[in-house]
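Just passing along the structure, written as structure tokens.
As written, the chains take the letters A, B, C and D, and residue 1 is the first residue of each chain.
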Amino acid sequence: MTGRGDITAATTPAVSPGLGADDLRTLYRYMLLQRQAEDRIVKLYRQGAVVGACFTGYGHEAIAVGAAYALGPHDVVSTLHRDLGARLVLGMPLRYYFANFLGRAGSPTRGREGNLHIGGLGPRILLHIDHIGASIPVAAGAALGFAVRQEPRVVMAFFGEGTLATGEFHEGANLAAVLRLPLVLVCWNNQFAYSTPVEREVVGPLVDRMAGYGIASCAVDGNDVLAVYDAARRAVDRAREGQGPSFLECRTMRIRGHSEADDASYVPQALIDEWRRRDPVERFDQRLIETQALTAEQAADLRAAVLAEVDDAQAWAEASPAPDPSELGRGVYCEDRPWP
Amino acid sequence: MTGRGDITAATTPAVSPGLGADDLRTLYRYMLLQRQAEDRIVKLYRQGAVVGACFTGYGHEAIAVGAAYALGPHDVVSTLHRDLGARLVLGMPLRYYFANFLGRAGSPTRGREGNLHIGGLGPRILLHIDHIGASIPVAAGAALGFAVRQEPRVVMAFFGEGTLATGEFHEGANLAAVLRLPLVLVCWNNQFAYSTPVEREVVGPLVDRMAGYGIASCAVDGNDVLAVYDAARRAVDRAREGQGPSFLECRTMRIRGHSEADDASYVPQALIDEWRRRDPVERFDQRLIETQALTAEQAADLRAAVLAEVDDAQAWAEASPAPDPSELGRGVYCEDRPWP
Amino acid sequence: MAVMTYLEAIADGLRLAMRADPAVILLGEDVAAYGGAFKLTKGFLEEFGPRRVIDTPISEAGIVGAGIGAALVGLRPVAEMQFADFISNAFNQIVNVAATSAYRAGGCVPLVIRAPCGAGTHGGPFHSQSVEAYFFHTPGVKIVLPATPADAKGLLLSAIADPNPVLYLEHKALYRSQRGPVDEGLAFVPLGKAEVRRPGRDVTVVTYGMMVHRCLEAAEAAAQEAVQAEVIDLRTLLPLDLDTLAESIARTSRVLIVHEDRLRGGIGAEIAAYVGEHLFKVLDAPICRVGAPDSPVPYAPSLEAAYLPSVDRIRRAIVDLARW
Amino acid sequence: MAVMTYLEAIADGLRLAMRADPAVILLGEDVAAYGGAFKLTKGFLEEFGPRRVIDTPISEAGIVGAGIGAALVGLRPVAEMQFADFISNAFNQIVNVAATSAYRAGGCVPLVIRAPCGAGTHGGPFHSQSVEAYFFHTPGVKIVLPATPADAKGLLLSAIADPNPVLYLEHKALYRSQRGPVDEGLAFVPLGKAEVRRPGRDVTVVTYGMMVHRCLEAAEAAAQEAVQAEVIDLRTLLPLDLDTLAESIARTSRVLIVHEDRLRGGIGAEIAAYVGEHLFKVLDAPICRVGAPDSPVPYAPSLEAAYLPSVDRIRRAIVDLARW
């Protein structure tokens, strides 16, 4: 079995199966929250307030939010550097986001880590790992854990298309295929890995590649939150029913630099312009207005509420102190937990 | 491009393109030499004369010999534990084989390595590496070297189907695909990796998997030396013409244990019996007799000559002393070579 | 109390842990149907079923990564490397993922990685390695290497009980050569505690693994020359039990560090550095080390035998140090 | 003689080597079109063309493996790790393939692996690592870590000229902070030779990399307290120039080892062990080390600053040791 076609390629569904008007507004809210939080962090970065490098998921909001929204209340995500929205959907307080970028004691990493390197948040957000590809065997292992215990839980792992080149991605994806683990691989294909175009990372369509692993694969418009949700929903259902892993290629474009220190001058301006016109947040906004799922007034209220949340989160983070040097060397090992 | 079909699946060709009667006898001779040398090493192993573990390529002779025979005089191989025949085709003296298994000073590794771990023999046999998969990036790199210098040379890498699960195989194969390197990947699919059946290593047909890498892929009967030669020849030609890497799945069966310490009791006896009946050496022998490429008398002469060569090689190895302990710690670094 | 080989003791500990806690699972290459390359897990598939005893593809990073993921969602996986030599393929997962998880607030990783290590079986450069030094520099992991059947069992149980990633290195050459008494049941041996295997007043010999036995023999031989060596088996290499060392060296004023592994950058270097800084005042003689020369482990018996520290070399080092 | 930054000096050496020998090629992630994450190879693609300056997929094992293969067929590849932290993914290729090739009669591997390393730039646990200790235990590789622009260029040239695999670690925090005179042309600095950066009679300070500069500052501060420290920059970490160390320590009778890297299992441990065994007789004081504490490199400036050995901490260690 090659697994292709097990998920039919999702185009924007006319109706959004299983989603009510509330869901649509919630999706929109998360997308807006990611966008505004990242706009803010870029501002702070330019002001020199962000300690280290600054990565955003600008233009990837539909993928992060749409896919994560398809998860059930006990499912788990494995995240990377462009999927803030997924963490938000799973309940990560936005305050942590700012506190981590600013290296404050109040962040979940207590200033030990920066950027979006936040994981291990409760049982639903797996540890973050910077080595591209390394998170995939770990995600497969979490799925294995659920399979061993026969719990109907699913793991969803996010990553970029460049990740497919790595050996660790390969070993994790292959393991998931062989053991038919409840794993949903959500790939944002944003056409570049740093400066390297996708065809210099892997040859040929990603879905063919992953179908060759025996993993059900499909491609969707990554700038259409409902299309992403729809495909993710099917993949999650398959996983939960014991039908094994799936791969979703969410096609989009990295319309900013790799990080905020990169002007992306190696990308043709026309390509960026083209994809800016397909901005997933604006597109969903318009659609909600057009389908009257959202009134202009509701939209304004939502925007104000989101802005207030961003302000609050930033203020909270800024009020959090720098970590005390006496913390040095602490927390390297876990404390004993009784066994058996 | 998925690359599938670029090499049409080779079935036994009625005539062997480009092969004269001399070639057929030479192929047979190498297969016989591998078979008899390995029969002898097993005997020595049972007598306790082999120092470490004992692996053979019993039943894989058509693959090792047929594929390597498709190479030109400046091409290079990357070998593993079941492809003695390929080394012989490329000119490795059989004496080295015995000397290495017996850990003697006369082996090319001077007793530092054992078994078939012989590489770096002149410019045409790349270093041997025991970590399954690790040889593939190296083979790709040798091919890269030829591409950089615009030399029309080809690298052929041998490995088993279990190797496809490894991250290093993946990175090497992917790199070769992206850079369109002159690399021929020759996989003996012998259905088991140690005790693990192929479907626990990778899901689905190997050729689909590799086609997903954008690598031209085909499957052949690995017990038919002419079919292997034929497919390898096409792949070598493609590589030399700058059309990039190919993958050959040579279907066979490991009709002995993983090593001589393994009784393979996990393999159904019927499967072993079935494949014993397809023994590649006997099959080619019969065919040569039937097609009158070889007379019964010639066959007997050949067998005697091969046996004499095996006897000589063994005797030479046995006459070689154990490495002197004063060698300890020597040869870890290369001596200086002037640069630039 | 039963008498077991080192290999049987490991299997016993593993089996009891799996019986005690359904969260303990096994994964690795050929561990299930085949029972492992050394037949250590023979019968485990039958007893615990395919959900808990899992054959994996050849993918050491995948195996360790999967172990980490399963540990993060509450299991206590025991991942096997077929040979310790192949742990190099899982280096990133161990050093950067497992080891940093707690510190980076990623969560606890109660993962045990079993790896058959060591020379003496003519395995050559890729089936003979000592890998402890590769991981000793990494905070966040623990490393054990038992020398006796009782420790093999007891340290494995403690490793499984520990909430951190533990590299459990088991010496292939001891599998069947060591037999000894082993307590029944969940007989834990605590991590981080060295053991004085032989008391002595003249020289402290610090060692671990296969060399424990050679050091004990060498100490007996040295006793013929009126030198009494105290032999300390570290058992856990990370964290090191520096207190036990310090106490002994304070008495003997002389220390010899012995390991099978190459000297440069080995565990012995750190012990020597510790002694040179913190016990300088009590020392009456140079801090000496005996270990392997600076090359891969050679295959031929004549070379391998010369590569490994011999009883005689250790004896001479003990006696020379005592007489310094 | 030109004045260059450390980064410019590396680029200069690389460019000259590529001009001198068509066998020198570059491969790595984003090294060609982008000119590297630090813009070190900006303009190289234009000058040397896509056949010699090669962007690769994200695959560190693939990059190093390909470098090994190309080296085996006669090239002299320079492979880049985007950050030294990611070299963990190429661990097996370095330790088991490249390092053992000569010994196992596989052939010479004239491969240079460039890796931007070190802390001080708020990179956090995965963009700040010191990786030298991971490879220091491995015979068959060489390791360099220059501290000045002139050495950065000269050691790179020697690394490329060497027939063995060389890890060329370059310190990110020095890229633009260090400027200095650099000889024009193929100005080799030999591998395996330490350099006395400051003469002194009271204490020998052994260090390398970014800490060279802090040790020099600390030595100046200590001089205010009438303590004259001799500061030795190792430059090459493997092989170590033990002769230069021994000569100095024989004069000062006191040694302080300083590195940015964590102490446990670091390069300093081996140096201390060497001193404790072979220079014991000349020592008048404990063998002291200053290095990082036992954790990953933290991100927050308050933590990172405390993590790295400061000038003041080094000064105090020098003075205390002199007065011991």
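Going forward, contacts are C-beta pairs under 8 Å (C-beta built on N, C-alpha and C of every residue); 3 or more make two chains touch, one makes a residue touch a chain.
For reference, the UniProt names are C, D = Alpha-ketoacid dehydrogenase subunit beta.
In this text, all values refer to a predicted model and were calculated from it rather than measured experimentally.
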{"item": "Selected pair, greater C-beta contact count between B-D and B-C", "value": "B-D"}
{"item": "Longest centre-to-centre distance from chain C, chain (CA-based)", "value": "A"}
{"item": "Approximate Å spacing (C-alpha centroids) for the pair chain A, chain D", "value": "37"}
{"item": "Separation of mean Cα positions, chain C and chain A [Å, integer]", "value": "40"}
{"item": "Shared-contact residues (touching 2 or more other chains) in chain C", "value": "56-57, 59, 61-62, 85, 88-89, 92, 96, 103-104, 125-126, 139-140, 294-296"}
{"item": "Per-residue multi-chain contacts in chain B, two or more chains", "value": "109, 112-113, 117, 129-131, 165-168, 171, 174, 178, 200-202, 331-332"}
{"item": "Chain C to chain B touching residues, read off their complex", "value": "29-30, 33-34, 37, 55-59, 61-62, 85-86, 88-89, 121-127, 293-296, 298-303, 305-307"}
{"item": "Of all residues in chain A, those that touch chain B in their complex", "value": "1-3, 165-168, 170-171, 174, 177-178, 199-204, 208-215"}
{"item": "Residues of chain D touching chain B in the complex", "value": "17, 20-21, 25, 27, 51-52, 54, 56-57, 59, 61-77, 92-93, 96-97, 101-110, 139-140, 142, 160-164, 186"}
{"item": "Complex contacts: residues of chain A adjacent to chain C", "value": "76, 108-110, 112-113, 117-120, 123, 126-131, 134, 136-150, 155, 167-168, 171-172, 174-175, 178-179, 331-337, 339-340"}
{"item": "Residues of chain A defined as touching chain D within the complex", "value": "51-53, 103-105, 109, 111-115, 117, 129-133, 162-163, 165-168, 193-196, 200-202, 266, 322-325, 327-332"}
